[in-house]
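Consider the two complexes below, in which chain A is the common component and chain B and chain C are the respective partners.
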Partner chain A sequence: MSRVAEFIFRRRGRNGWHWTDVFTWVWLIGGLFIMFGPAVWLVGSSFKSPAALAEFPPSIMPYVTQKATVEGYDKPLDLYEVTMPEGSKKVLAEVRRIGIVAQMVSPDKPTEIVKVNIAERTPVRTMSFATSNYSEPFTHFDFVRYLWNSVFVTVTATVITLIVNSMAAFALSKYEFRGRTFAMLLILATLMVPLSVIMVPLYSIISALGLFNNLWGVILPTVATPTGVFILRQYMLTIPDELIDAARMDKASEWQIYWRIVLPLTAPALAVLAIFSVVWRWNDFLWPLIVLSRKELYTLQVGLSVYSGELNVQWHFILAMTVVTMIPVVLVFIFLQRFITTGIAGTGLK
Partner chain B sequence: MGHIKLTNVTKSFGAVDVLHDINLEIKDGEFIVFVGPSGCGKSTLLRMIAGLEKPTGGELAIDGKVVNTVPAADRGLAMVFQSYALYPHMSVRQNLAFGLENTKMPKAEIAERIAEAARMLEIEPYLDRRPGQLSGGQRQRVAIGRAIVRRPVAFLLDEPLSNLDAELRGSTRAELAALHARLSATMIYVTHDQVEAMTLADRIVVLRAGRIEQVGTPLELYNRPANRFVAGFIGSPHMNFLEGTVEAVPSQKAIATLAGGHRLELPVGADIETGSRVTLGVRPQHIALGAGDNSIRAKVRLVEALGSETVLHADVAGQKVLVVAPGQHDLLPGADIDLSLSAAPIHLFNERGLRLERAV
Partner chain C sequence: MVAVRLAMGAIDVPLRWVQRRLGIGGMATFFLLPNMLIFGIFVLLPFFINFAYSMTGGTALFLPDRTFVGGEQYARLFDCVNYTDPNSCAEDTFWTAVGNTAWFVVLQVTLMILFSLITALILNRELMARSFWRAVFFFPVLLSPVVVGLIWKWILQRQGLLNFGLYGLGFDPYTWLNDRNWSFAATVGVSIWAHMGFYTLILLAGLQAIPKDLYEAAEMDGTRPARAFWRITLPLLMPNLLVVVVLVLIRAVQIFDEVYVLTGGGPGISTLYITQYIYETGFATQLRNPGLAAAASILMGAVLVVLTLVQLGLGRKGEKKGARK
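Moving on to the complex of A and B:
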């Protein structure tokens, strides 16, 4: 343990502080807050009750004001710590508040009303996790169905993306044909066309094909990605041509060369693309929102928008379900991050 | 079995002609080596025989059957690549089996052939390893094994030893020769290393810039190079070339004057004429130190003492001459020495670099 501590707290300035030590610590801690702060806040807030969410100033962790049942009052009353005029501190329950004066009672003596200036008191709070934020959507919000839709779209789209893109990349990297470079450039050029530009024509196509209100309508337009073709092609260029010649001498068909030689050797790049594809498809919102209008077909991201109504937004459910939605993506990153780094380093892409 | 014939074969990549009018006949069981400097087209020629490149013109026949349009896999040939091209994601056993599985051979026979090849090449302990876990020499054996299991009519080897270190290259060379003797299959071997060519080949094909310069046994090439290029390419260190002019042609001999005024007596050629310019070729090993009948004066530039022999870099009136003298010599750079050519077989080349035959 002491050796771990020694390693972590090792400084360039040995016994003193070199300026780089200070800079490193500030930089890293600052980075930790910037990168990790929002996530912590999200998770913390997802356990807050609607009242706690509306509170100002906000807190990171979910706190609720303690309540006590006092004889003579129907509802439980909020407890406050009050500084009495003589200086002592007492825990009192609030009966009602008029302007800046609160009428309070001591839980032991329910008949005696004490008037307190609201500046003289602080609520008695304890940490409390509103797990109903999570459990309720599972019961009355059709979370499981949305989850299934999302999983189906993500998995199917990723598998098709991998197959289609790797085939294109194989042809563009290993076959010599006229216009090969042009085809590659054309594919890359489509990177410049944003979804908002092609949204309407794409919608007409999907609708003409009868894929409106169908999960395949969400899946099919997204499977051919220029980024994927580019990543895979760059990787396949590094596979020596001699291997393919050797396979040809070994009487392998073109399909076998692709399936048994090239594809297994492209595994690291395929993993990178799989991660990207999972994240893209999982987080997709706009396109599924356009294609899907029947509630039972919603993906998670679209389903979440149910909670932001025209008149009120149920933040506590949105936050809780956002946390649940993030879990698969986080897991994918945790387990496959070494592929991401090698893949990005290998293709010069981010 | 394994008789390969090329007739007027040409190959161009776009506008670039890589091979010009290649005519060659390879006999069954022969060990043929294609040798030449890089870019001479030797690998392209091999790949064309393999079926990995299509000839632009001419005819390629294996065992009397024209195979110009037959795909690589159906020509009955096996190839060993320079990088070995082992499938990195398969075990050695799978590497050996891949080609056989593709021909739908029964499993039992595949296992039998792999066992036989593994025994022959002593790779049995590594059969379940991946190529990445093998040393260079072991990978090389696996690559050869992959060719052997297919029982091809001919083996095509593309610089198979160039990725090995010098010592391993020597021993593997000997093993290849032994393997050829045992299998007695046709082997076509591409290399740029003339030592490999000399030691392994039944016949050597010397290529330059897409043309065959000479075809012959190693000693034919060494003793009677057809032109200046072959003379300079075969033999190590390479042959010395001295420019000169034929001065007089008395009976049965010719006198040539070299730059710097040296006069040398040459064995005469039939078509040699007074006044014509010739190039004299002398191998470094054939030049002796000391004055003699046919000697020239030279200045020593560099002395490389190797113990068993001494390599002298000398200068004869501006022309560089290499001398390999047996034994050890106490010479310093800058010294003037006499070099005797009296015992040396002198090769004569005309202005176009072609060999002038001696009149015997």
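Moving on to the complex of A and C:
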């Protein structure tokens, strides 16, 4: 295949660089920065203290100004490296600042106040990872609960999706019955009915069933995925009917045929659907936003969006929790990317 | 595992009885039932109720409690003095949202197709570590829209990475998301960033399915690469390209999640798109009006269906043309 590509953009002259070669590498390297850069910047920023986040221009690594406790002062004071009038450099602690003049003391001689122009000093900074950005939301806020809600929704919805969709796919691939084509068409037609079109009446149905402000109200409408039925059916069609006939001869019930024979043989397609379902449900936003209005029921996505929309955004917590929200998906990406890419290339599903 | 096996064995006993009553053919209904039930309740039923909803008024939630108003909601949506000016309409936010969405769709779909096609062509070349590069462009696809929105909100804010880069080049920091045009551009750019890899993958699969002897034959005939691209690559890629165009279009019309987190529709309503309009009219505002939201959502659904049909029609024509050449 790659020879095809080589032909389309072949190099003029084996050793020289055709413009397409240059363009390719500019595009790839640019892509590397644009695609990965933002996520890397997010992770880097999530370890900065609030003070470091407010800085402009921002530093690449998380730095904090060093502080020192000086005798006679209650609070720890910021340390600065000061260029003294005679040219030597000294580390002093700032007591207070009035306009462009700072009153500073030497940590060894707390009584002697030196006045310094602020242009002649630079803060003493050390690298420090603000891990409290991660630990605090889990202890002081509801993020553990959001995390749990998200995990519950994702796992439950995926398990139900797998069972319900595989049962339907089994019926649609291994039985002849009236209305089979109609059922299949009906399922595929609903691919054209997205949530944004039916959200108003769906909300009333969920409320009528008493599932408003209930995690089941988030889970149930998502589990009968048409794409899931479709890929599982396509896969089950490749399982030879002789296997099933043989099992019937041996007095296996239809349920046993489904559970003991067809399902194990469908494992690869089930794995692909499971991966997709986990990513879909973990990332769901609009529907949980509508169904869940009580804080303790929020999923991670809803919680994050609500906190980031507040007037006084606590970016240091938001960034850290965004990273936490990213972790499962990044793990899926690293370990299961192959399944996903072949799944998409084969069926065009997302 | 043992528990699951025992449970399944226990289920088998009553199911054998069911099977005796229904017969083997009847078991198909049994297997189909759960999926169809969920489907019927949570997809089909709301789909049909939506039409009834759009013909009722008031703020009551349940259909029986609502008053029938006939086509009033639609009339309100279409009540305009001058259809080219959203401000002359009774529901000016609706038309602003429609206009914003139209611009968004035109720009985003064009750029998305262009970028993913270029990326697919490049990834189809003989590259070092091709699967790595494919992963690079695919990576944002799996991120949740909320995470995508927050990542870019953080980068585009005043102390953000973009301003840092521009500061290095001597520009003053700017609050991009407070500017109408820039925040619109940001929603287009961010949505392309987040979804490009998905479409690239579909196009790449199409490119790799093109038989290479076609190119070898063309090469022997002395065809230039550019000509081979227009005459071989593009016509043979057409089916995949059309799938991608339809998917991008349908998703672009419904854009919501990333934008809601990134700009919240602002500044003002300059990045308010149609799904957010429906969401806010139906649920979020003080004067919520589910009937109006339902009417708007039906109009959007109609546009989606028309777009799909037009695309499929064009696709059939295009395929015939391509075959003739």
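The rule is short, and it goes like this: the second predicted complex is superposed on the first by the 212 of 350 C-alpha atoms of A that agree within 3 Å, B and C clash if a C-alpha of one lies under 4 Å from a C-alpha of the other, contacts with A are read in each partner's own complex, and residues count from 1 in each chain.
Convention: a contact is a pair of C-beta atoms (placed from the backbone, for glycine too) under 8 Å apart; a residue touches a chain by one contact, two chains touch by 3 or more.
Quantities reported herein were computed from a predicted structural model and do not represent experimental measurements.
Student: With both complexes superposed on chain A, which partner does A:Val229 reach: first (chain B), second (chain C), both or neither?
Tutor: Only chain C is touched by A:Val229; chain B is not.
Student: Return first, second, both or neither, reflecting whether A:Phe182 touches chain B, chain C, both chains, or no partner chain.
Tutor: In the superposition, A:Phe182 touches no partner, neither chain B nor chain C.
Student: Should A:Trp19 be classified as contacting the first partner (chain B), the second (chain C), both, or neither?
Tutor: It touches nothing on chain B or chain C.
Student: Scan A:Gln256 for contacts with chain B and chain C and give back first, second, both or neither.
Tutor: both
Student: Touching A:Tyr203, do we find chain B (first), chain C (second), both, or neither?
Tutor: Second partner only.
Student: After lining up the shared chain so the two structures overlap, which partner does A:Val193 touch, if you call chain B first and chain C second: first, second, both or neither?
Tutor: After superposing on A, A:Val193 lies in contact with chain C but is clear of chain B.
Student: If you stack the two complexes on chain A, which partner ends up touching A:Val164: first (chain B), second (chain C), both, or neither?
Tutor: second
Student: Between chain C and chain B, which one touches more residues of chain A when both complexes sit on the common chain A?
Tutor: C
Student: After superposition on the shared chain, which partner residues are touched by A:Met326: those of chain B (first), chain C (second), both, or neither?
Tutor: second
Student: Jot down the residues of chain A that show up as touching in both complexes, chain B in one and chain C in the other.
Tutor: 248, 253, 256
Student: Going by the contact rule set out above, which residues of chain B touch chain A in the complex?
Tutor: 47, 50-52, 71-74, 77-79, 81-83, 85-89, 98-99, 102-103, 146, 150
Student: Which residues of chain A touch chain C in the complex?
Tutor: Within the complex, chain A touches chain C at residues 1-10, 23-24, 27-28, 31-32, 34-39, 41-42, 45, 53-58, 163-165, 167-168, 170-172, 175-177, 180, 183, 186-187, 190, 192-194, 196-205, 207-208, 220-221, 223-224, 229, 248, 253-256, 258-259, 279, 282-283, 285-286, 290, 301, 304-305, 308-309, 315, 318-319, 322, 325-326, 329-330, 332-333, 337, 340-341, 344-346, 348, 350.
Student: Which residues of chain A touch chain B in their complex?
Tutor: Spelled out, the residues of chain A in touch with chain B are 240, 242-243, 245-253, 256, 260-261, 264-265, 267.
Student: Which residues of chain C touch chain A once you look at their complex with the stated criterion?
Tutor: 8, 11-12, 15-16, 19, 24-25, 27-32, 34-36, 38-39, 41-47, 49-50, 53, 61-63, 118-119, 121-122, 124-127, 130, 133-147, 149-155, 158-161, 163-164, 167-168, 173, 193, 197-198, 201-202, 204-205, 207-208, 210, 212, 215-216, 219, 225, 228-229, 233, 243, 247, 250, 254, 256-257, 260-261, 264, 275, 278-279, 282-283, 290, 293-294, 297-298, 300-301, 304-305, 308
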